[in-house]
Each structure stands twice: as C-alpha cells, then as structure tokens.
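Below, chain A partners chain B and then partners chain C, in two separate complexes.
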Partner chain A sequence: MINLFVRSLWNRRSTAVLTIFSISISVTLLLGVENIRQGVRGSFSSAVSGTDIIVGARGGSLQLLLYSIFRIGNAPNNLSWESYIEFNNDKRVKWTIPISLGDSHRGFRVLGTNQNYFKYFRYGSKKKLGFSKGKSFSKLFDAVIGSEVARNLNYQLNEDIIIAHGTGNKSFLKHDDRPFKVVGILRPTGTPVDQTVHVSLEGITAMHIDWESGAPPMEGESLSSEDILKRDLKSEEITSFLIGLKSKIHVFSLQREINTYKEEPLSAIMPGVALQELWNILRTAETGLRVISWFVLFTGLLGMLTALLSGLNERRREMAILRSVGAGPSTISFLLIFEAVFLTFTGILFGLCFLYITLFVSRPLLETYFGLFLPINPPSFKDLFLLGGIILAAMFMGVIPAFKAYRQSLVDGMTIRL
Partner chain B sequence: MAETILDFKNVCFSWKNSGRELLNLPELLVNQHDHVFLQGPSGSGKSTLLALVGGILVSESGTLQVLGTEIKSLSSSARDSFRVDHIGLTFQLFNLLPYLSIEENVILPLSFSKIRSKRAGRTKVDQVKEAQRLLKALGLGEQLAEKSPVTELSVGQQQRVAAARALIGNPELIIADEPTSALDADLRHSFLDLLFSECKKAGSTLLFVSHDSSLSELFKKKFSMNEINIIKN
Partner chain C sequence: MVKIIKSFVLFTFLVLPSLVSSSNFETKLVTWSDLRKLNYKTGEMPESIRKLMGKPIKIPGFAVPLEGDDGFEYVKEFLLVPTFGACIHVPPPPPNQVIHVILDKSVHFEKLMYAVWVSGIVEIGEYFIEGSNDFGQQTYDTETTYLIRGQKVEEYD
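What follows is the complex of A and B.
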C-alpha cells in the first residue's frame, strides 16, 4: 500500500514537487517573519539595560532612543557640557555616561565617551562590556572598537584608523591629520556596541579643535597633534547622556526636572517607555507582514488542493483499477488524504530547511548592515503548534478530493468510463 | 453435481433517482468450471449485471448468490473484500497502472486479498514467481526478461498482463469484460485459447462478456442479454 502510494506519487512527481515547493516557501515565510519579528524585538530590548533615563536635546523620545542607543538617525541638537555636569552632580544620580556622536569610520559610528561607559553600561540581562583584546582608551588618540568593526574591517590592536567627519560611508571630510590607534577590542554583545568605534570625549574635541562651523581648517593652518596635546581639551557639548539612579523612586521626579530644565531645552526619556512606543509603531508593519505570510500559506494549500482535484479526473482510471483489484472506496480516500498530509509534511520539512539556511546565510549580513542580531533557535513550541495546525488544515483539504473520489469510485465502480 | 457459482433469481435493478428499471432477470445460473459467454449490445444491462456480480451495486429484490453467498447481506466493505477474494477482473482497455512494473501489476490484487495471496505463494518471492509463471504461460516471457515498462506494451500484451492479474491466486470466478474488443481477429482467438487453458488449470469459472457474437461459437454455454433480461430497451 505504501509502495503503491509512493509509486503513484512518483509518477506525478513534477506536480508533487511544485506543491511541496510552494508549501515550503510559505512555511519559510511564515516562520521567517515570526523569527525576524522576535529577533528585532530581542535585539532592540537587549541593546540597553540598567539605564534609568536617557537625556538629549529637546526632541521626540523615540528619536532620542534611536540615535543615542541604536545609532540610527542623527541628533537634532547637542546639549551643553554645563547641563551635563549639573545633572551628573545631582545627589540622586549614581552614574552618568556622556555620549558624543557625529563622526564615523568607514560606515561605523564613532562614539565619544568616558570610562564610565565601560564601567556602567549594561546590555541584555544586565551584562557588562568586556574586552576580548587590549584595554580601554587612556591616551587622547586611543580607540576601542566593537567586535563587528574588528571582524568586518579585519582590525587588530595598534591599527591606525582615520575618522571621517559626519556619518555615512562616503564622507569626503576626513580627520586624516589625526589618526587614532586601536587599543582595545570589545567582546561581541549582539547590540549596536559591536558596530561602534569608541574614543574619549577629549579625542572628539581634539579632532575638531581647529574646525570652524563644520569645515576643516585651511591648509597650513591645522595644528599638529603635538600642539593639540598641550591644549585644554574640555568638551563644550555632548550629544546625550545616560543616567543610572541610586534609587528608582526618583525616576519620575528627575525626568520631570530635566524636561522642565530652565537653562536649556532638554528631553529625558525612560528607555522602556520609548521602546514601547517603538513596538506600537512596528506593530502595524508586523501585522501586515503576518497577514501576507498567512495568505501565502493559504495560497500554497489552495494550490495543493487544486493539484489534487485536477489530478483526480486523470486518476479516475487509476482509482477504477485499484477498485477492481479490491481496494475499497475508503482505501482510495485514505490514499488521497495521506497524499495531502504527506505533501504538506514534506513541504514543512523543506520549509524549515530553507528557513535555517536563510537565517544562517543572512545573519552576518543583517548584523553588519542593520545591526540586527537574529538568534537562531530551534522551532519553538508555538511554531510546532502552528505547523501541526497547517498539517491539520491540509488533512481537511485532503478530505475534499477524498470525498469526491469516494463518491466517484462508488458510482464508477469497476467500469472505466472514458 | 457441480457447485453453483452464480445463482440470480428475480433480480430487479433501477437507479434510485430515475426510477427507470434497467434490469429484470428472472433467472441466471452459472456452474463451476463453466466457460460462459454473455452477449449483448451496449445498453442492454451488461455493465449493470457485472456491477451486481462484483458487488458494486445491489438490487432491491430477488436472490443474488455468488459462490453460495448472498451478496445483499454483506456490507459494502465486505463486498469489496469478497470481490477481490473470489473474482478476477479484466476490462476492455487500460487495465494496468502505468507506474508499476509488469509483475507488480499482476500481484496487485494479492495485497488486498489474504485468500488469494495465500494461494499464490507463501512468500513474496513465491508470489512473484507465480506471476512470472502466468506471464510466461500467456506468452509474455520476453517482455518480462526485458523488464519493459507497461506503457510500452501493445494492447494485446496489456490484455494478457491483465488476464494474468485476474488469474493470480486462482479466484473462483473470472470476469472478462470485453477484453478482446481492441484486438484484431487472430489475436482474439489466441488470447481466448490462452485464457481458456489458464482458467482450466486454475479451476476458475469464466464469465466472458462481449457484444461480438462471432466469438460465441468458442463457448459451450451462452447467454444473451436480450433473452435473460426481460426489460426491453
């Protein structure tokens, strides 16, 4: 019987392969969308933890979160060093991490900060940054690079790097007169930290010391690196800063104080709340994607049903022969249902293979270009439940041609009508 | 006294929805080892009669005994297994599954019938040997040795494969429904000769159905649908 089934299907292999293919594509899409959705959420949520408040120039809270943590987009404005010091010295504040953005190195953002970054910054489940090689910056032109920067550009310790003014890969203005030296490489975190070049705030200032309103110094007027070292390199402004509080109780009062700060228009946000806002925006897109992938699955199953039903007329003779050698109508119906289930099951298996191959292939690309870290997990309980549901749906779809074949073989009996 | 294979009395059949009577047989009797020729033009109720013998259709009234079993008393699945256990069938055309080999087509009924499977051989190997023996006896030794796909066989060769399939496992009754209509006159006779001798060896009763009365001289016992069916179309 199984032999019969296999041989019969093999005889119609081109249709069967196409059916399996269309089902596997839809399964890949369905699970892929789910996987990417979770990956995006996971990588966004794990990018920052332990930070109570993020402060930046007055603007949208989502924008502030995106540029300060995810290096997406640019800050509308900077904030003054004085404001930073003011809140840094507040007695409720345990630590602050200043962040100065605006430059890049071959497409990777450059972030100016201080030692607090390596001491207090947390990601994932309160994990601390660690060095895989080297140490933190101590000299003016020292740089610490994220793991992805090192891997992608194949950088080792003591490499000289030139930082470009502005962001983007093709910046024409380069700070090539003041190269930085890689002194440390961070361990992979699966967060935007991996894609970042970290330098000291003083380094950032030094780079721009003789620049005027965004333009490089005229030829012959630029200061040598030795001269710069003698100067006072206190920052005048930074892009944003992160705050860790001694006690969470003060979150709301401090946030309100910052938002109503008289000296300068500032915005203070809580990362969790801003993330929630992000989810709300993404939800529509997610739902759209999910609806599309459901439709693709539906189309796949419908395609199978079409193939089974149109095959039925051609197979009428086959059914009559089987019937004449003793197969009952129930056996024939069973063959059809089994075929539907078999095609779907095989489609699902291939779909899973496609999915994992795609994930493995696309993971480095997503990581490099979007800073998206997709965890590759075995199918979750929910996925299996979903796949089981698909098989069940296929079984119900198989019932339609099976019922038709049952009726047909009852009426046709053993005579073969042509 | 030979055993009765078919014993139909006062069998009436009509489709439920049309109500028109198709068949009304006062009596039809076939004994064991008979070679019976059943002649009738199309539309004379031949197919309906065969469907009744095979248990595909059931009449509302009368006695429908096949091999001493009242077909009407069986459930539809019991009728299916009764058919494969005791009846071998061949059709006019397209008897074979194109995706199976010659031997696999022949042993196909054995996977649905324990009785015939047992008679054909204890093991699968024995059964395939029995199939090969039948095929060789029917003159298909060459095609067998070449492992020709069934789709490459001529119509006459396909009919002989179908005959081998009907004969395997020695069913009590062989029904051949217009098996020679696609063959030319020479082939018809040689096919019939082979069928007769193999039925004799197997001890099977043969019910041969055809619209072509020129073959009737080869049979001792003849029925004409026009005579046994009292409904005239």
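What follows is the complex of A and C.
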C-alpha cells in the first residue's frame, strides 16, 4: 500500500513539491520569528549584569541604556569629571566604571574606561571579562579589543590601529597622528563588548588634544605622540558611568540623589527596569509578527487542502480502480489522510532544515551589523509541541478530502461515465 | 483495627494542631507598616519584628528587578516595595520599606509586572558603611535592612 501511495504521489509530484515547499516556508517563518524574539531578548538582557545604576547626562532612560550598554545611538551630552568623582566617592558606592564614547575604529565603537572595567564589569549571569590574548592597557596608547573586532579585522597583538573621529563606518577625519597599539584581546562574550575597542580615559583625552576647535590640528601644528606622553593628562568629562552598590537597598535613594543633583542635570537608571520598559515596547511588535506567521501557516495548510481537493477530481479513476480491486473505504480514507500528514511532515522537516541553514548563514551577519547574537538551539519542547499540533491539524484537514473521496468513489463505482 | 483508627484520630487532634501553631511552620502575613517599626539607623526593633527573624513570612508588594538569571528574561533578585513606580514628589522609600529578595528559583519577568505576594524566610541584617566625615575622619555607619530568601512568588489578587 505504501508503494501505491508513493507512486500515486510521484504522479502528482509538482503539486506535492509545491505544497511541501509552502508548508516548509511557513514553518520556517513561525519558528524563525520565535527564535529571533528570544535572540533579541537574550542578547539585550545578557549584556549587563551586576550593575545597579547607570548614570548619564539628562535624557530618557532607554536612550541611556542603549548608548551606554549596547552602543546604539549617541549620548545627548557628556557629564563632568567632578560629578563622576562626587558619586564615585559616595559611601554607598562599592565600585564605578567610567565610560567615554564617541569615536570609532572602522565601524567598531571605541570606549574609554579604566581598570575597573576589567575588574567589575559583568555580563550574562555575573560572568567576568577575560583575556584570550595579552593583557589590559597600561600605557596611554594601548588598546584592548573585543573578540569580534579581532576576528573581523583579523587583528593580532601589537597591531597599530588608527581611531576615527565620530562613529560612522567611514570617517574623513582620523586621529592618524596618534596610533594605538593592541595589547589585549578579550574572550568572546556574546555581548556588545565583543565589538568594542577599549582604551584608557587618558587615551581618549590624548587623541583629542589640539582638537579644541572641533577640527583636527593644522599640519605641522599637532603635537607628536612623544610630546603628549610627557603631558599630565586628565579626563575632563565622560559619557556615562556604571555603579555597583554595597547594599542594593540604597538603589532608590542614590538614584533619586543623582536625578536631583543640583550641580549638573543627570539621569540615573536601573538596568533591569529600563530593560523591562524595552520589552514592553517590543512586545507589540512581537505579537504582530507572531500573528502574521500564524496566518502564513494557516495559508500553507489551506493551500494543501486545496491541492488535495482539486486533485481528487483528477484521481477519480484512480479511486474507482482502487475500489474495484477491493480497497475498502477505510483504505481510501487512510491513503488521503496519510498523504496530508506526509506532505506536512516533509514540509516541517524541510522547514527545519531551511531554518537552521538560514540561522547559520545569517548569524555572523547579524552579529557584525546589528550586534545580535542568535542562539542556535535544537527545537525546544514548545517548538516540538507546536509542530505536533500542525501535524494534527493536517490530519484533520485530511479528513475532508478523505470523506469526499469515499463518497465520490462510491458514486463513480456505480455509474459508468467514461 | 479500631485501635488504629483511634490512634489516628488522636494524632490529628493532638499533634497536627501543635504543628500548625508552632511558628516554625506558619507563614506569617506581614504588612509594610509592621516593617516600619524597625529603626534602620540604630537597628532597634520591637519584639514583634525581632520574632520574625529567620521565620517564613508572606508580604505583598511590587517588584523592581535587580538581577536576572542569565539575562533579565527570568528574574532572580529584586527589590520589593509597597508602591508601584517611582513617585517623584516625595523622597524614595526609606531602607525599612524596601526588601531585597533573592529567589532560589528565578521567575519570568512578566509575572513581576503586577503586584505579587512574596513568601520566604526573612533575614534582618546589619552592615557597616565605611566613609569619612567632613573633617576627613573615618566614620562607620550601620544600617539595618531586610532580606527575604524567597521561596514563592504568586500573583496578588
């Protein structure tokens, strides 16, 4: 009987292939949307851990979170070094990490910070940053690069890099008179750290010496790297800073103090709260995507039903012959239901293959261009449950043509109209 | 047979009630105004609060997420406060109106978006804050705060 089924299907192979194809695309879409949703959430929320408060210039909480942690968008303003020191010395504060942004190296953001970054910064579930090669910066023109920067630009230790002014992919104003040297490469973290070039705060100041007019120094007027090394460099402003507290209970009081700080308008946010705000905004879009993918799946299944039903007319003779050689109504029904299930099942298999191929191909691209890290997991229990549901739905849909074929074959068998 | 039934009846009436009333097994419902009785600066507290130490309690509140379990999709640590959202008209809640909750099993963040009941073992801890005063002398402040080792988070209804 399987033989019979295979041959019958082979006879109608173009319809069958198209049906399988449409189902596989809808399955890819359905699971892909879910995968991307989890990937987006995961990569956003694993980027920061153990930080109680993020402080930046006065602005929206989401904006502050996005530029300070995810390097998306820009800061409205810097904050003064004095304010930073003021809160750094607060007795409730255990540690702070200063962050200075605004420049880039071939599309990768440059972040100025100090040793606290490597000591206190945490990601994922309180994981510490580690070096795969080299060590932290100690000299003025030292740089530590993230794993993705190293991989993408194929950088090794001791490479000289030139930092561009501004954050574009290409820049026409470069700090090329003051090259930095790669002294360390960080281990992959799956967070925006991988795509960041880290230098010291003093390094950021150093490369902007003579830029007071907003443009690079005129030829012959710029100080050489050697001259700068002799100077006593101090940071005058930073973009934002992260705070870790001794006791979490003080989060609210310190946050309010920073928000109402008289000397300078500042904003303080709690990363967890800001992330939840972000989820709330994203949720609408996620629901929309999910509804669309359900409709696509529904269309795919309907397409299969249409193909089966219209195929029945062409298969009148086939059915009549089957009946005449003694196939019972149950055999006919079984054949048709089995066909629906077979088509759907093959569609799902192809859909899964297609999904994983797409994920593997698009992952490096998404990582490089959007900083998104999609985890490639085998289908979860929930996914399998969903796929089982789709097969079940296909089975029920198969009942309709099965019933029709049964009626038809009976009628066709009785009246000879050939 | 009769004997067995009799002894069972005895057990239910004599042993079980004593189990239930023994404070070790009872989850006490605590209100935020109870918690205010703790003087967080001196660590002084009335007997009613001292009795709670190390005991399971249940309290309603709003959660402010602090720390996730590999991200913030599942929340492991949060601060429990009596009001939702930051009211910017008055100063934030004092330390005795904030409970640091550490769960043994993380919960999905969507569960924490509305009011919740939190039950768990309450700890009252004192710790030192090192600092210096205006004359550059070292000072030590102590502060007493609440911590709940959370066991269960339920929707408030």
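We take it that the second predicted complex is superposed on the first by the 413 of 418 C-alpha atoms of A that agree within 3 Å, B and C clash if a C-alpha of one lies under 4 Å from a C-alpha of the other, contacts with A are read in each partner's own complex, and residues count from 1 in each chain.
Criterion: a contact is a pair of C-beta atoms (placed from the backbone, for glycine too) under 8 Å apart; a residue touches a chain by one contact, two chains touch by 3 or more.
Everything numeric here is computed off the predicted structure, so don't read it as measured data.
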Examine A:91 and indicate which partner it touches, taking first as chain B and second as chain C; both and neither are also allowed. second
First (chain B), second (chain C), both or neither: which does A:11 touch? first
Of the two partners chain B and chain C, more of chain A gets touched by chain C
For A:330, decide between first (touching chain B), second (touching chain C), both and neither. first
Return first, second, both or neither, reflecting whether A:49 touches chain B, chain C, both chains, or no partner chain. second
First (chain B), second (chain C), both or neither touched by A:124: second
After lining up the shared chain so the two structures overlap, which partner does A:253 touch, if you call chain B first and chain C second: first, second, both or neither? second
In the overlaid three-chain picture, which partner chain does A:63 touch, first (chain B) or second (chain C), both, or neither? neither
Please work out whether A:279 is in contact with chain B alone, chain C alone, both, or neither, and reply first, second, both or neither. second
Interfacial residue positions of chain A with respect to chain B in the complex: 1, 4, 7-8, 10-11, 317-318, 321-330, 410, 413-416, 418
Touching residues on chain C, where the partner in the complex is chain A: 64-73, 75, 77-79, 81, 86, 88, 91-93, 95, 98, 100, 109, 113, 127, 129-132, 141, 143, 145
Chain A partner, complex, touching residues on chain B are 47, 50-51, 54, 56-57, 76-77, 80-81, 83-85, 89, 91-100, 104, 108-109, 111-113, 165, 177
Contact set on chain A toward chain C in their complex: 41-42, 44-46, 49-50, 52, 91-92, 124-126, 246-253, 255-256, 270-273, 275-276, 279
